[in-house]
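In the two complexes that follow, chain A is the common piece, with chain B as its partner first and chain C second.
Our next item is the complex of A and B:
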């Protein structure tokens, strides 16, 4: 084992320990906000593993999409519905623990068989000689130009759709307030009064 | 064959980033006067008296900002390869990226017009 392999081995061990520790934190923390933050730690460790596997674009996308977008949305969702709910636990402790263990073992078995059964490409000649990000950029602006531009339209649709749905929620909130039920907490996002076009 | 070449700067940044909070906290520990009053235990709120708990339900308005942020965050993923390969793509690539950004600006203008970014 030379120096490069040694560095790589140590980094892999460190990142794996970080990932497993953070994942345990996600599961074991009672406070869901702490779970969300440790989930960010899991995602960051996965990004580090991608760098070790020479997949730098996947790593950047992992940081941007999972840590930047998905985790932020999870945190916002938690902050928006952060109410103490006193759910009644299912009676009989062994039923709860047993069903959770069954589901977890099932998911683990599924993923483990997938990892073992898949024939992973180990041919090093498939690794591109230049940076993958540069190759992706060149493809985006030559033969994959249309999908690239369609992606922006997809993002536009997502943005407009999210705004429409979020505002419709607010209208529903106003209607229930009109009926005279218990008024919901501040949920409105009123439409801005339109200025008359001169 | 592979010794994480090209990631020296990332490593430097990681070391620097982990040093900054440690240095900031230890420097303030050295410099600050030691005071054991009850005031010391309150949250620092820019000189305001902190009111209520921090674990509250936040206003739904924040969610609109999060949604707009997420869309432009995903846009960054698409623009990153463009920035790396910029010197090879030429003027045509620049125009294509401008079209890509322009389509998304439409969404920003829509959000703006619908008042999703207002804080009234």
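Our next item is the complex of A and C:
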């Protein structure tokens, strides 16, 4: 093992420990803001693992999309629904948590045995391509052209759909119908009341 | 590092994500757990594309598609949570039983 492989090994172990620890923090922290920041830690460590796996373009996309967009979006959502509410205790909640942990451990054991038992035909003699970006671009515009275009349509649908779902409906032009006296300056649009459900 | 190491890592991340998805009561934390699941799948795809398909990296192309879908899912999911929060004034998952029975 030469120096480069040693550094690679140490970096992989370090990033893996960081990733698992931060993921446990996302799930187990009581405060949701801490969870959001440890989620950023998970995304950054996964970006580092992508670099170690010769995937530089995907690593950059991971940092841009996940840390830059999704995590900020989640932080905004936490601030928008920031309500310090103590959840009502549910009876025998520890049974649910324990059974969920048991099932997850079982799934992990199953996957681990599958991974270890299978003999993967890895071939490390082939050198990886010099520029992954060019290859990915060729794939996008030749044999994966249709999924690429469908992904753009999906993004447009998600954009419009998110705005339609999350916006408030305001009433425009009804209160200005009063003639005679000047209405006081209203600094916010009146909102159409939604009937609360149940 | 062998391929098995990365696959085990992705499996561990996936199981942590499932645990958070099932047990958390805050709706925003459920979305975060879904992001963990998608990231585990991405890690799997990238490690497969490096070790088994090193010449024409098709796994990375799929990873980019998964990242796209994850971004769209996060936007729509947070919008749904916001709408539910406005109408029910809580983000407790135990009380979102509108479509249950």
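What we mean here is this: the second predicted complex is superposed on the first by the 121 of 198 C-alpha atoms of A that agree within 3 Å, B and C clash if a C-alpha of one lies under 4 Å from a C-alpha of the other, contacts with A are read in each partner's own complex, and residues count from 1 in each chain.
In this text, a residue touches a chain if its C-beta (ideal position, glycine included) is under 8 Å from a C-beta of that chain, and two chains touch if they have at least 3 such contacts.
For clarity, every value in this text was computed on a predicted model and none was experimentally measured.
*Asks:* Is A:12 in contact with chain B, with chain C, with both, or with neither (first, second, both, neither)?
*Replies:* Second partner only.
*Asks:* Who wins on chain A residues touched, chain B or chain C?
*Replies:* So, of the two partners, C touches more residues of chain A.
*Asks:* Return first, second, both or neither, reflecting whether A:73 touches chain B, chain C, both chains, or no partner chain.
*Replies:* both
*Asks:* Let me test your reading of the model: by the given contact rule, A:81 touches which partner, first (chain B), second (chain C), both or neither?
*Replies:* A:81 sits against chain B and chain C alike.
*Asks:* First (chain B), second (chain C), both or neither: which does A:96 touch?
*Replies:* After superposition on chain A, A:96 lies in contact with chain C alone.
*Asks:* Kindly classify A:149 by the partners it touches after superposition: chain B alone (first), chain C alone (second), both, or neither?
*Replies:* A:149 sits against chain B, while chain C stays out of touch.
*Asks:* In the overlay, answer first, second, both or neither for which of chain B and chain C A:158 touches.
*Replies:* It touches chain B and chain C both.
*Asks:* Please work out whether A:65 is in contact with chain B alone, chain C alone, both, or neither, and reply first, second, both or neither.
*Replies:* After superposition on chain A, A:65 lies in contact with both partners, chain B and chain C.
*Asks:* A:105 contacts which: chain B (first), chain C (second), both, neither?
*Replies:* Only chain C; A:105 stays clear of chain B.
*Asks:* In the overlay, answer first, second, both or neither for which of chain B and chain C A:54 touches.
*Replies:* Both partners, chain B and chain C.
*Asks:* Which chain A residues contact chain B in one complex and chain C in the other?
*Replies:* 8, 52, 54, 57, 61, 65, 69, 73, 76, 80-81, 83, 135-136, 140, 151, 155, 158-159, 162-163, 166
*Asks:* Show which residues of chain A lie in contact with chain B when the two form their complex.
*Replies:* 3-4, 7-8, 11, 51-52, 54, 57, 60-61, 64-65, 68-69, 72-73, 76, 79-83, 131, 133-138, 140-141, 145, 148-149, 151-153, 155-156, 158-160, 162-163, 166-167, 169-170, 185-187, 189-192
*Asks:* Could you please specify the touching residues of chain C with respect to chain A in the complex?
*Replies:* Residues 1-9, 11-20, 22-29, 31-33, 35-36, 39, 42-43, 46-47, 49-52, 54-58, 60-61, 63-65, 67-76, 78-83, 85-92, 94, 98 of chain C touch chain A in their complex.
*Asks:* Show me the residue ranges of chain A that touch chain C in the complex, using the header's touch definition.
*Replies:* Residues 8-9, 12, 16, 19-20, 23-24, 26-27, 32, 35-36, 39, 42-43, 46, 49-50, 52-55, 57-58, 61-62, 65-66, 69-70, 73-74, 76-78, 80-81, 83, 85, 87-88, 90, 96-97, 100-101, 103-105, 107-108, 111-112, 115-116, 120-124, 126-129, 132, 135-136, 139-140, 144, 147, 151, 154-155, 157-159, 161-163, 165-166, 168, 194, 196-198 of chain A touch chain C in their complex.
*Asks:* Quick check on the complex: what are the chain B residues that touch chain A?
*Replies:* Contact set of chain B toward chain A: 1-4, 7, 10, 55-64, 66-71, 73-78, 80-86, 88-89, 92-93, 96-97, 99-101, 103-104, 106-108, 110-111, 113-116, 118, 120.
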